[in-house]
């Protein structure tokens, strides 16, 4: 995540990491589950953002329950539309970063990128970055010095740049409101 | 597929349906598996195209073996680069159409769209269209008159338009060759 | 779930439904995440049970975040062994029940059954029961009278019987402790 | 595969490896697709076997198209019943072996084991064995000496033993034909 953000910073793109597990997020598929639900504050950040990257660890070869919950809550806001009548996530771009000690990164990435695409995000090419180790128990990204893995670092770079390229393109040339306007 | 193509035609976009099962496609992950392999001719069409839509039926809740083979062969060409040094699928957009008598469309879509994204295609929002019936054995799309399903038809329309919008945008404004040039 | 339980009752098999969302389950992959974590009480029930069925709704074609969390917490107990040195879930059988208004049941079932199998549960044949409706928004199981769907009801019956058959078989003939004893 | 078979041999269990890519298997979901289809001969071997293990490489984090085709053809025979009226795969046990240079083994395993379970195979605990390397391009199992990976070797052993244990148990105590008899 920091690798990608460092490239954002070089391009003067502001970013913020929200560690979702530190918040009390209610289960549900609405924008606001009421008292005590800390999702609405996070959702405001998503609505204000041009780029959304979801990061997740892997358990049993799958994205975490917290990442699943985030996708559910984003889905809960998918009924909203922008001022042109398109889904609210139109003109936003999405990406995914996955680490685990072993196996499951592509499955988690496919799941998250599909979820984002299905609710209105644009998925530029090569916006999944991951590190996993060899099969079996073993050290995680930091201990294993995953940041020395050339493949992972190259993907982080391509991902950062393509998110920037598409975000700029969509700000200059928003998706025309033709054929994709929904009844809200 | 015909619903999407009819919208393409309204916009004077030429298209061609290749029924892959009618061709002898070799198993493998290269561009050309040699004598008798009919993939290279199809691959030329892919290289010439701006938009690629993969269509698949569902078996046991998954995309077909033929769709899997198509993704493998596309992957086999992913080492090629364009004249800027980007993956050859850059500036192409991808989508997916799935039908089955029941269940599995989102899983198949996630798998195919991820595969396309991972090798360089751009995935606009809402480019997965599907029809499936209620759980259990039952009629397929045509017998069940899936073309009267409002959800499926709306998705076909949004998909067609977003593929057109992004394809035009990427022809006018190709992805800058910055940060995403690979060593071929 | 009630369909399956009614067959259990005919065979004098006791059961209990735990609605996990009504409990405060901590995120994590241990048996006990400490103060306020209500998982340990549920985990005691799992350890005492011969049969475990996980039920889940579908969101974006996937199992829910709560079902994901349950699998993570079960995984957190997978380091424990029985008195023969096998994983603690040996001689227990697992199944899955899924409902959603449309699409995703097989994907969710595959994910949950694999998770259970990977940590030591036995998966008898045909222990996934589901109901989903036609593609697109629509009524859920109860409103749509999914209990009149012959396929779903037949699967519920086969599932209940095969869980009973295998559970009885494994109680009479536990898995021999040969080749599958792990260092705890 | 050889690791598992060597344990089978110690227990005087005969086995045969069928390299499916060397055969002309027709696409389809029947038992026999007619002239030139070499599946029927393989299907006879499956019907005669007590244990079926599907092996697959990984491409883009998924099982191969050939493995997908095998599952489709097995599904094509799932309408057949044994002399008690149960699905023909009852009392057979299934497992999976996966290798790839990196990532995807659990996803492929979940897919294959679910497919087998859904058509009537029993899935004992821990019958998925895999080896994958660290994220990114790299050597495959043989070059990387995956057979020195302790996790992979332990899983191969547990898998072999549990397949043997359950196969013997189901031969001595076949699944009772109660609640799981289907109309053929």
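We call the chains A, B, C and D, going by the order they appear; numbering starts again at 1 in every chain.
The rule we apply is simple: contacts are C-beta pairs under 8 Å (C-beta built on N, C-alpha and C of every residue); 3 or more make two chains touch, one makes a residue touch a chain.
Keep in mind that this is a model prediction, so the values were computed, not measured.
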item	value
Chain whose Cα centroid lies at the greatest distance from that of chain C	B
Centre distance in Å when chain A and chain D are each reduced to the mean of their C-alpha atoms	35
Computed distance of Cα centres, chain C from chain A, in Å	29
Centroid distance [mean C-alpha coordinates] between chain B and chain A, Å	23
Interface hub residues of chain A, defined as touching at least two other chains	60-62, 106, 110-111, 114, 118-119
Chain-level touch network, classified as line, ring, star, complete or other	complete
Chain D residues touching chain A - in the complex, by the definition given at the top	60-62, 102-107, 110, 130-137, 146, 149-152
In the complex, chain B residues that touch chain A	7, 87, 89-90, 106, 109-111, 113-114, 117-128, 154, 157-158, 160-162, 164-166, 169, 172-173, 175-176, 178-180, 182
Chain C residues touching chain A - in the complex, by the definition given at the top	21, 27, 29, 59-66, 68-69, 71-72, 75, 111, 114-115, 118-119
